[in-house]
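A, B, C, D and E are the chain letters, set down in written order, and residue numbers restart from 1 in every chain.
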Amino acid sequence: MRLQFEAKQRLGTFDLDVAFVSESGVTALFGRSGSGKTSVIRIIAGLARPTEGRIVFDGDVLLDTQRGIFVPKHKRRFATVFQEGRLFPHLSVLQNLNYGRWFTPKQDRADNLAKIVDLLGIGGLLDRRPGKLSGGEKQRVAVGRALLSSPRLLLMDEPLAALDDTRKAEILPYLEALRDEMNIPIIYVSHSVAEVARLADRVIALSEGKVAMAGAATDILNATSVSVAASKREAGAVVEGRVITYDAVHRLATIGFNSSRLYVSGTEIAEGRSVRVHILAKDVMLSTMRPEHLSALNIIEGTVEAISLDAAGSADIRIECDGAPILARITQLSCERLGLKLGLPVYAIIKTVALEPY
Amino acid sequence: MDWFALSNEEWTAVHLTLRIASVAMLASLIPGIFVGILLARGKFWGKSILNGLVHLPLILPPVVTGFILLILFGRRGPIGAFLAEYLGIVLSFRWTGAALACGVMGFPLMVRSIRLSVEAVDRRLEDAAATLGASPAWVFLTVTLPLILPGIIAGMILSFAKAMGEFGATITFVSNIPGETQTLSAAIYTFTQVPGGDAAAFRLTMISVVISMAALMASEFMAYLVGRRVEFE
Amino acid sequence: AAAWLGIAGPVATAQAQEKVTVFAAASLKNALDDIAAAWTKESGKETAISYAASSALAKQIESGAPADIFVSADLDWMDYVAKKNLIKADTRKNLLGNRIVLVAGKDKAEPVEIKKGFDLAKLLGDGRLAMGAVDSVPAGKYGKEALESLGVWSSVEKKIAGAESVRAALLLVSRGEAPYGIVYQTDAAADKEVKIVGTFPEDSHKPIIYPIALLAESKNPDAASLLDYIKSDKATPFFEKQGFTVLK
Amino acid sequence: MDWFALSNEEWTAVHLTLRIASVAMLASLIPGIFVGILLARGKFWGKSILNGLVHLPLILPPVVTGFILLILFGRRGPIGAFLAEYLGIVLSFRWTGAALACGVMGFPLMVRSIRLSVEAVDRRLEDAAATLGASPAWVFLTVTLPLILPGIIAGMILSFAKAMGEFGATITFVSNIPGETQTLSAAIYTFTQVPGGDAAAFRLTMISVVISMAALMASEFMAYLVGRRVEFE
Amino acid sequence: MRLQFEAKQRLGTFDLDVAFVSESGVTALFGRSGSGKTSVIRIIAGLARPTEGRIVFDGDVLLDTQRGIFVPKHKRRFATVFQEGRLFPHLSVLQNLNYGRWFTPKQDRADNLAKIVDLLGIGGLLDRRPGKLSGGEKQRVAVGRALLSSPRLLLMDEPLAALDDTRKAEILPYLEALRDEMNIPIIYVSHSVAEVARLADRVIALSEGKVAMAGAATDILNATSVSVAASKREAGAVVEGRVITYDAVHRLATIGFNSSRLYVSGTEIAEGRSVRVHILAKDVMLSTMRPEHLSALNIIEGTVEAISLDAAGSADIRIECDGAPILARITQLSCERLGLKLGLPVYAIIKTVALEPY
């Protein structure tokens, strides 16, 4: 799968000029409110026609303003989860869910209604009309409707914004499975770095209608200046590794990246699987001595590679640990007290439970 | 009370009126929906001409409309002759012609109702349907049509009611032949034209009112059913 | 339900071929209905009579209406179809005559002597004179002519309320909207709310005539028989009952 | 071309028609909005009776409506006598009566349009306005009314067009007095009733059509302005 | 200010039966999707009439089904930010913002349009109609509209759900100021524990239409079982203290609670101000020896008071530190290695920057 996107459009005083290429997997569209995320989604879905542009999906030219090509929206089969729900008010929840299936060729129809209904927790609502649903329930039905239409590409505009964390945590793995098993590419708009880090393979950060940054999720989320898109609280490093062992008693996975080891708790992960771990800078402590008698299991040796101070009194320390970069955010006071300087060997301490494999 | 016991002729008129009004309503439904949507959504040259044309039967005195129909659809009229020759459809002085006249007279009412409803449809829902793979025709059938149903029902009842009351254009176009083109309205009119006809006219008027009220209530009930289903998201 | 909606099984088309179709001015309804019933009884043949304004009927005939007999409320519309060779000229006959009268609400029914220069304007006061529309309704046309020849038209011209039909004019008088009205004798006689207060002299206007004729395109063999029946003495009582003068 | 140069009388008729149609439209506006909202939102005993009553002028032959108006609003009619005695308003044989007749005939069309629009209003917006402190009257003025404007405009144009074409009820109620109650429609009708009047009737018809088209286009433009402002959220 | 709420209502198969009392400040309504939060808001606003219920606001009886009292919605002056925006489509953004002001008595009219427009970043949109706004922009306008109507009570149904973190971080302090300075009580629905912890004085957790828990924010957020409402990731302790000193050079505030000290970085806080600090369990490390050469500034001594293990391999350790409870979540493996047991003296290590004063 390969989506090539290039479009220019003017909306009132707002100029959109975005180009990117997205390979299979999840591409996150990231950016502040009003930066043009929804506009991009609309153009991909065929709901808006840019003044200039070209969209190629897997070799199919869907849009080419120069050659006057415009494949209409219903022929693209790009199911969209809209920011505002858009359920059909005259159909029941079940009919809404099944809507896309009516238009799917029989052989393409996925038979996963029961599974999705269950996953989204909307089993009790099937006979109801959208007018009688709560906000979050509407959003879940909208997600279900898109998932069930067997799309070639999923466009999701903040699909989980109105949901509680528990529900989110249930739905996210499913989207991951979709990405990995069903091989349906996803363009995902979200304000939540955690969501993006977990799902996205590529991140495209928009700012005022332009692409501010684009690249592999690991690269973009590791960039110290992600604050363009994300708040500083979520800055950190993304590390890719492979599960070496899983200790079922303590429910601890050991993940090896290069020659280092990371311990990650919680979810059961198959051995040998490759995973991505997002280590938030604010979760990393530094020590100039190897610490003892500490509850933290992850103590990784490295050397200070970069120190950047900010006006808010904190210092971002970039540590080279065996080929992988780790970012630590500590106070400038600690930085002085520990006498950190470039090249100094340090120990990065990361609480095990603070890590979540993505 | 045998005051309400209808004579044979009256039965015939009731029958005929129902048939004419229903056929007029049903036959103008599809064109009504089509034109309503065209006027609500379309952007084309001549839109205001079409709009004016649709309103014409409202603007013109019914007698004039009747004459125009007579000239166009009469046995010797250009369209009438064509229909008779190639399709074997004769409208003049047939109940079908009465239905045509009633349909034409009610058409602006039908179109306006449908047009208003179409204009109120949230087009974002249609977009959503399209992204789920529905072609324009399917979007229309599964989303637009159900959402404009209240307007369609309103248009149908207006058209039906108008057909019940119409006689000016009808009597001018297809005359007032008992059993063929004499509707209740025309019969009522005839009775008002002769001395002593008032009682009979009143009786027929009551019958017409009762029928129309029944139709009205049926339509309200239908609209209620539809409305209960289509609630705001 | 589909049966009566359906195109199949039209109520009358099948027999309509055999029925004799008469196009008649609406004001003849009472008399012609009775005559047709009598003829049906006698001959066993059916009729279908379409009552409407003479103008509409004439134009329908012009456009090929499947009628056999035309009875007009005035000569003008009969002449109109005659000029277009739509009637069998030899069958045309001036069938009926009528009179126009001055009526008033029954409460102030002082007889009025209608003669040259009679002071109609004074009688009306600030009320109006109800009559058929003077340009279009035959009774209105005759009324205007009579008032002109009596020399009172100019004094009442501004006080005319032209109704859509004689019946409507009569209603205006009987409802007390207008103190006086000019209507046919036939209509006035049937309304108990009004009184005839005077009759216009016959020479004050063109004779009021209802002509009848067989239409040129009539193919129904029974049409001539009905026409003869209407022209015959058997029909006379029915017309006279409604107040018409039968012209010989 | 002096073919279109109007005679004095014709000018008067045009003038009068415009006046009558405008007054009929404007006078039925407030009651139309009121009844439209009542029928769309109200839940009360006798709602279907009110609904039937509103549709009556559509169902009845215009002549009958004219008779009923005459009986009610005539000099001796219960309402007419009351109006004349206590308010000094005389309708019979006056252009005001013609306006009343036209207004009544157009009323069902006006009410239906408004009602359809009211039914399409998203009541959640009204709720939002209320929580911001707007009393029901203010909610109506600042939210409901602007949102039903398309329906009001549609209703107005239907009522106006109907008034242009109406003559059955008018002529029966207030007669056909040149300069006072003779509208274009009535004049056209008169011409159709005399042999050889076709040319004149056609001329007046064209005038009537031109006026109505102008009104129609003005209404479309207004609706366009309104529509441009009220877009979906 | 005191809002007394009590209502029973049946919606389809859903039974609402909620009663609570809320004093001045912010009351958070918390709960999973479909738990009845919006329904409660609607009843308070007067948009729904419960079958049984009683609402008293500052002595005014707004609803009493037994005595047949029902104060209509426009007389309550409870401005509401709805989950779905509900901007007036026929009014410009400026007119939308000013809408509530038209109905406010002159003397009550706050003159803060410019300030709020600026805060919400909607200065460039004032002439536009809502149809031409992005999702987040709509939501900001809706928030502004409610704030500007000088309400007696603000009802906010997930007002910040569609906003990016940066914008959220700008708006939240303003809501706090509203609470503190203008003394406008707020009922706040949110799925985000961080938002709630920061703003709320009281938390009411709903579950399936019933009150699952209610109480001061500190108590509720400290309860280990907040997972009813929040995900386990956000469990932690809330500590109340007072700012002792503020070090402007390192931008570090020293907060004293009982006899302990906490260092908090970042925002400038006035000395002497009382603050609440939310310490997430997953941010706390334990050590059985006083650690040295560590970047973490907060090392607090205490004793193990409770240990609870869960099925996912993690252990929640409750530590009694000088009267205040601190919660630490570590892996069971660490728990074993350190030999933790009740009564053992331990050191809780909390990274300075991990703390945010609320």
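Here is the rule we go by: a contact is a pair of C-beta atoms (placed from the backbone, for glycine too) under 8 Å apart; a residue touches a chain by one contact, two chains touch by 3 or more.
Computed from a predicted model, the values in this text were never measured in an experiment.
Common neighbours of chain C and chain E under the contact definition above: D. Centroid distances from chain A, each centroid being the mean of CA atoms, peak for C. When chain centres are defined as mean Cα coordinates, C lies farthest from chain E. Centre-to-centre, using mean CA coordinates, chain D is 57 Å away from chain E. Here the CA centre of chain A is 88 Å from the CA centre of chain C.
Annotation: 60 Å between the Cα-based centres of chain B and chain E. Chain C and chain D, compared by their mean Cα positions, are separated by 34 Å. The residues of chain A that reach two or more other chains are 84, 132, listed in rising order.
Residue positions 63, 67, 124, 189, 192, 232 of chain B each touch two or more of the other chains. Counting partner chains per residue, chain C has no residue touching two or more of them. Applying the touch definition to every pair of chains gives A-B, A-E, B-C, B-D, C-D, D-E. Note for the complex: chain D touches chain E at residues 124-125, 127-136, 138-139, 142-143, 146-147, 229-233.
Contact residues of chain C toward chain B in the complex are 4-5, 7, 10-13, 16, 21, 23, 26-27, 29-30, 48-52, 56-57, 59-60, 63-67, 165, 167, 186-187, 189-191, 242.
Residues 11-13, 31-34, 37-38, 83-84, 121, 124, 128, 132, 134-137, 140, 157-158, 161-167, 169, 191, 193, 227, 229-231, 233-234, 247, 250-252, 263, 265-266, 282-283, 285-289, 291-297, 311-314, 328-335, 338, 349, 351-354 of chain A touch chain E in their complex. Across the complex, chain B meets chain C through its residues 12, 15-16, 18-19, 22-23, 26, 63, 66-67, 70-71, 74-77, 92-96, 171-172, 175-182, 189-197.
For chain A in complex with chain B, the residues that touch the partner chain are 45-47, 72-74, 76-80, 82, 84-90, 99-100, 102-104, 129-132, 138, 145-146, 149, 155.
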